[in-house]
Amino acid sequence: MAAETGSTGVQRKSGVLAGLSRRIENLSDAAFAYLLLSPMLLLIGAIAFWPLFRTFTMSLHADALYGSQQFGPFVGLDNYVALLTGDIDAQLTRPFFDLDQPFRSALTVTFIFTIASVALETVIGFGQALVLDREFRGRRWVRVAIILPWAIPIVIQGMIFFLLFQPGVSFLVEPLQNLGVFSGTPTVNSVDSTIIIIIADVWKTSAFMALLILAGLQSVDRSLYDVARVEGASTIQRFRMVTLPIVAPTVIVAMLFRTIQSMRVYGLIETVSSCSTVPSLSCLVVTTFSARQYGTAAAVAFVTAAVIALFVTVYIVGYADTESEVF
Amino acid sequence: MATDDAGPYERWVADAIRNPGKAYRAMFVVAAGFFLLTTLFPLYWLVVLALTPEENMTDVGLLPNGFNPEAFVTVFETVPFHWYMLNSIVLGLVTTAIVLLLASIAGYVFGRLEFPGKVPLMLLLLAVSYFPPAAFLLPLFRLFTGNVSFLTLPGGTEVTSPVLFNTPGALVLPYSALFLPLSIFILTTFYGQIPDGLEKAARVEGTTRLGALFRVIMPLSAPGVATAGVLTFIAVYNEFFFGYLMTDGQAQNWAPVVWGILQFQGQYADLYNLMAAASIIGVVPVAILVVVAQERIVSGLTAGALKE
Amino acid sequence: MGNVTLENLIKRYEDVTAVDDVSLDVRDGEFVTLVGPSGCGKSTTLEMIAGLTKPTSGTVTIAGREVTDLPPKDRGIAMVFQNIALFPHMDVHDNISFGLRLRDFDDDEIDRRVERAAGTVQMEGMLDRMPDELSGGQRQRVAIARAIVRDPEVFLMDEPLANLDAALRVHMRTELQRLHKELDATIVYVTHDQEEAMTMSNRLAVMNEGKVQQFARPLECYNQPANAFVAGFIGSPSMNFFDGEIDADGVRTGSFHVGFDPARFDLSPGREVTLGIRPEDLALPDGTDGLTDPTDPFPATVDVVEPVGDEVFVYFVLEGDGPEDELLVSAPPDPDLTEEMAGTSHDLRLDRACVHLFDAETGEAILHGLDGDADRGEATGPGDAAGATGSAGIEGTRETEPN
Amino acid sequence: MGNVTLENLIKRYEDVTAVDDVSLDVRDGEFVTLVGPSGCGKSTTLEMIAGLTKPTSGTVTIAGREVTDLPPKDRGIAMVFQNIALFPHMDVHDNISFGLRLRDFDDDEIDRRVERAAGTVQMEGMLDRMPDELSGGQRQRVAIARAIVRDPEVFLMDEPLANLDAALRVHMRTELQRLHKELDATIVYVTHDQEEAMTMSNRLAVMNEGKVQQFARPLECYNQPANAFVAGFIGSPSMNFFDGEIDADGVRTGSFHVGFDPARFDLSPGREVTLGIRPEDLALPDGTDGLTDPTDPFPATVDVVEPVGDEVFVYFVLEGDGPEDELLVSAPPDPDLTEEMAGTSHDLRLDRACVHLFDAETGEAILHGLDGDADRGEATGPGDAAGATGSAGIEGTRETEPN
Amino acid sequence: TLGRGDTSDGTVVQLAADSAANEAVDDINDALHDAGMPGDITVDVLPVSSDTAQQQYSQWLTAGLERPSLLRMDCGWTIPFILREQVANLDEELPDLASSVKENYFEASVSTATGPGGALHGVPLFSDFGLTLYRKDLVEDAGFDPSGWATGPRSWERFAEVVQEAQSGADTEYGYTFQAAVYEGLSCCTFNEWMASWGGSYFGARENLLRNVGERPVTVDAEPTVRAARMARSFLEGPDGESALDSIAGPLSPRAVLQWEEDSSLAAFTNGDAVAHRNWPYSVLEAGAEEAFGEDLGVMPMPFGVQPGEAEFDGMGGSVSALGGWHVTLNPNARHPEAAKEVLRAMSSDSFYLTLMELIGYVPPKPDLLDSREARDVDVVGRYVDTLKFAGEHALPRPSTVVWPIQSPRISQQVSSTLSGDRTPAAAMSELNGLLERIENNAVQEGS
């Protein structure tokens, strides 16, 4: 019998290894899944969950402004209570939440920024991806051009837009002021700065969307387009009924992560304007953190995370409705 | 129908109505042009800044006030900028490799296996990205400076965490952990879409389940894998928060490129032209590298992957 | 030792039971074909043998070793998939050699084997095409080559020839049979092609709704179907069925009566039965003299005459008191059988030896082949029936008297 | 008005010419089947009709309008793809209704039509399954339903029944024919199934290597194949071919001689020909008395006997001076034809009326049906031949004398 | 580390400083060796960005790192490190040096390196003071005589008048430019100078500035502070502007100052667009260079609002220069403490300060040294040592207590909002007062 075992050229793995690999292959789906996930969980556990746990305990302690200790006595949820009741607003660069000054309180600014930038990025990123999905001469270079902003460090991105709206340096400020679009000092005006920061963010991170969506587009089975064409779908209908639903999981993931990232915006604000002009949630974390109010900073960080979690829930619930690959 | 006396525009429109392909082509050109213009303009301005002599840094218009390409040389004279770039590239590559490996495995697990606890686990992973980096910093810094002791041996000596500060480990580990969730989610969606039949075929042919992942599923998801890699690489290349707190900023201590750029922030003066020049130098090669790499990755994974 | 034993295999999806308690014992070196209507669970069964689908319950044993929990790669099998499943990112050569490369064969050996397998499927010149540059049939041939290149003990083939033209099918059939003999391999095969099933297999497993209906040699399935389902499924064109009732001296349908002695077969009058007769067992009016044991004639009108190359199908409508019964007769080509016959009426007769009786309710076979002559009562089986189906009693094996 | 005209269609890929100067004129309401070996260009031709593949040159006209440059959606066609290609993100209902939804049908109408189409393909209960929860045949049925739900003027179907079992095939065939009649639609069909091709089509286009070899009614292709390729391709099992040479009083092959008067057919001695005879036109030794114009007997040894349900294949090895010739005879089932016959020697005879002659070099048909009796010389065609292939001269149409 | 290792033999002492120091590291080593640092010791500069240094030091020192051994700290945030006992007590480590520093250095500088018990924790490396730069040529063209201005501060009214006339005479784009972006510089310096010169203070008397958190009064709603804010409105809007101070001529300053920090504001001045400009000594080096204004650059102390005697709070009033500058502190866990002390010693030598002055334009933190011949011989800056010395003696440190990082942003926000006209000075200052009080009280609770 010419079975595989007898064939030439076959090298049998050493018994131990083979036995191990067989045992692994035999695991139930669940055991196999957890086994595979273990290195990842170990890494994330040590480098993410453990520090978060420590930070969480820190958030239950008072700030320690004096002395060499990093945090003060245990105060339970006081830090959270103080934050949500506005008791420590005085110590924050801007209040956590104040509807009277939507552009000056962290929660509203963060929401405005997130919704505007993610919406714009998705649309523009999709457009860019569609352009890149076509074959044309010089596509590689167009792709370089579209990716380039994403490769710009935030400090530089911030510098570009700071200088672009710096009166005296840039040619843009005066005409914009004359048109009544911006004030004469846009980077210290909360509304102007928010808009500038949104533009800067869209400029840089549309590429993120574009790259991901492009990858999604490229993995669509081309024969489905043939079917759709024969069935009578126009270009737009093909896009809406075939492309869109098939890349939807990718787009959702991209939007999800963009949302999470936008909700944590900080560096861009600090370089283009300042945390006191455009206070975001992360701004509060960083400013309290650099003022060594570690307990408060930790509490703000966890509240930020909780707010993001709420936002994300919206995605997940919305997405679960449209049937899922991811969840 | 176009008549003889119709202008070229009307003729074009009439033509486009008859032949929608033409209209789409025109739309395409307009869209491509728009995207190019909007993405490139700020970069162009960056070049203008880099070329503007430092003392003329007022009223910079569409053309540089004066022309001073020296900035591109000065960058290397003042700081070992190439070393910073190299550090970042190495850190980026190592992190990307780790992330792609772990995220591929996790993406496979989440995208193609059904098991109890899957959704909660994914949500937990996602939660890592909810937190501002500052939330990780203090404990991680203690961990990486040998200030966390795991246990005390009977003799009284303590087993403490290794001192990773100023080593690549102090950067690669947090980068890997923090950029993992994004890649996992990306790869989960891509791997989930590969038809079962192909994985089955590979397994019957003799791969293990993981073998099928690396030999069939990953190559077929090449665009997604490449994108996850590129996103991770660039994110690492530009990451600043950990880059600046986990090293002391010296090129020989693995400080990343952003440190190099920030070296031009003086006590009072920000040397904008040097920063601009530095970022152009830092960015252009990487962007090109990334695009070339991406094409290579895609074609490498899809075509030649198994011509071992 | 490549025998494959399935014991009480069950596969349930949320709301469907795809495979429902299947037990099969495929002997070493045997060629077994699974046939059955679309969706009856053939592919699922193969996938469970391969280890690609985990059975809900039951065990799979290959070569005497229980493999229910073993991964596919350790089961010593090769498989051709119904959906072909070529690796789109590899050219034909790499697709075929995939399994060999996994096993670290050396390059020369790989090339040699790939050449040979490609030759077998007549794809020699296309080794460096990508799958999307191949026609449907070419893809299927690559899939076959990928399976045969490895010489495993057990082959699983799911409609491997579905996209091939007649000539190539014949060629591939011969090649598979040669392979089967040469390698002494065990083959579990799925096909919807009757001829393939009949000519290639040692045994057929006829499945329906996840259950095995009959597992026997092809001609046994043809001649002595275990139930009405098998009778109707095996044989093309399909068997003609008539609802009937046993009466004192035979069985009566809506349109005709077949006289025999029910007592001889332990059939009590009033029992409801299904009477079946194959199109090729019916003779046209002028051919009836060849019948060994003809029934009374009954009138029928030609509806359609359909020549199909090597056969002609004649559709009759029977006259009777029940709902209009239809009857299909397949005859050898004959210049007299033209479409102009449509509408003409004829007297038909059946050969009693070719009649199959099934229980109307359960569909179980009652007997195959009647015998109108009550005097010859002592014989349990009929003598030399002229048709190919000369055997009676479901448990009886085919007995051919020498002539 | 759904006629489809292809003029000089050529499709070249880098190194292959997939379709090589194909011209076809499919009349409105006609059912034309493309047949040919795997890779001969059938799918490519369909794709060019659909507008999915741009011809390298040539034009496509549908319903009198040149559509070569028109997108598929403006051609009024529906298509079943060989690779099925269901939308993985839509359930069965949505897959089927895709085209309707594009055309803004109202929901009730959509549901009504989907129900009907799903009923036609017997998929009623599975409307909300996703494609990956279906068996191979079920997927194919969804693909068919997706095409038929729209009632276009022209249907293109590429192996739509490849994965279906016999019963379902028969059902689907009837359904497609009903559809064809009801909608008065033009159907261009690709199949590898002879029976399907023969029974369903008004005309067959037999293709090989990108070229149309013969475009004629099915029986014409069967009875009067234009060349050896068509003769060999149409008919299953395939025609037996023998190399021969015309001599003074007939044609001589390596193993036997068929006597006739070459002069009557303008054949000069010494010309090399290929002699073809269908397996079903050969009679076994004891059946030879039915032959109208038998040749001299020649000895042959039975190699294999293969019963296939409604037929038995008997493989003979001929004795002769040339390389060993093989001969396949297909006979109706007969209890005498058992495998035990293998090795026994018999004298065979051919019926001259069933012999086809082809030019050995070009393969072009020279004549169909010989006539051994030089005395009956005045007749151009043979009289009433018993076989189905009783016609002579390639241009002659079939003449059936009344009996 | 990619093959780049420690190449030097001998003891290397790592000093965290800025990139300018890094570029001059060879000269610095030479100067230190000249100043008596043993030859086997070398200093290696670890460049840190001034924006991030505070945060990084905090991490490093908390983690007990051994390097860097010496840290250059802003006088604006040294005290919290002292309070957290993260830098070495020089009274104990280097008693002789400590007492010499306390005696001979600018008092304001020393006060920002001194702990609550009076112990010195850092050696000033250089001092910075707010200065008023002006275009001597334009002022003279407008008919004023600036002689005597170098050490004789003008009043704000007079200053505004001079600037306005010089501006209209020379038709420059702006009159007076300064830094008023929402950043630390506004609260620590620009506004602090204005406020103190009008006799106002963040926390009452001068002795409260660096201590007594929670117990000291918060006094930003006092009249002098409001007046300072109104003066700034005059700079921007002119005396007729809303809530402007009518005694101050104007408008002198563009709204762009609200976005300007040191460098952006200096650029406008060196380009010749302004008559007068507030900045630090480094700007003198730049604007006084031959290729810039050279001898045409005048430098004078900050103008005053009220005389010291009339000030509402003790220690305020008169010409007030905000104190900047950096100290060098010693890491208590330093790898080579003795070598590091040697470096510190050498760093505090006169010759080293003079070298820094020549090389980078750092102003020596010792008044006597500024008076010396050698100092006067230094290019450009040498011309202005009298003003520097005057400013140093009238320098005012920011209240850099542990709560200052929390307070500073609130101050700059409120000040900016009133400068831009969003809110009236009185309203903004009174709100600020409330905010600061709450921060103080909170800190007391937590500190207890």
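Going by the order they are written in, the chains are A, B, C, D and E; count residues from 1 in each one.
Just so it is clear, contacts are C-beta pairs under 8 Å (C-beta built on N, C-alpha and C of every residue); 3 or more make two chains touch, one makes a residue touch a chain.
Source: prediction; values computed, not measured.
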Going only through chains that touch each other, how many steps at minimum separate chain C from chain D? 1
In this assembly, which chains make contact with chain B and also with chain D? A, C
Report which of A-E and A-B is connected by more C-beta pairs in contact. A-B
Determine the centre-to-centre distance between chain B and chain C, using the mean Cα coordinates as centres, and give it in whole Å. 58
Centroid distance [mean C-alpha coordinates] between chain E and chain B, Å: 40
Using mean CA coordinates as chain centres, what's the gap between chain C and chain E in Å? 97
Two or more partner chains touched - positions in chain C: 71, 73, 83, 103, 150
Where chain B touches two or more other chains at once, the residues are 57-58, 137, 193, 195, 208-209, 220, 262, 270
Using the touch rule from the top of the page, what residues of chain A touch 2 or more other chains? 25, 70, 168-169, 246
Along chain B, where are the residues that touch chain C in the complex? 195, 197-198, 200-209, 211, 215-216, 219-220, 222, 301-303, 305-308
Considering only the defined contacts, which chain A positions touch chain B in the complex? 21, 24-25, 29-30, 32-34, 36-37, 39-40, 43-44, 46-52, 54-55, 58, 70, 124, 127-128, 130-131, 134, 136, 140, 142-156, 159-161, 163-164, 168-171, 203, 206-208, 211-212, 214-216, 218-219, 235, 246, 249-250, 253, 256-257, 260-261, 263-264, 266-267, 281-282, 285-286, 289, 294, 297-298, 301-302, 304-305, 308-309, 312, 316, 325-327
Over in the complex, which chain A residues touch chain C? Could you list them? 1-4, 7-11, 22, 25-26
Any idea which chain B residues touch chain E in the complex? 55, 57-58, 78-79, 83, 86-87, 90, 137, 141-142, 145, 147, 165, 244-245, 248-254, 262-270
Per the touch rule, the chain C residues reaching chain B in their complex are 47, 50-52, 71-73, 77-79, 81, 83-90, 94, 98-99, 101-103, 146, 150
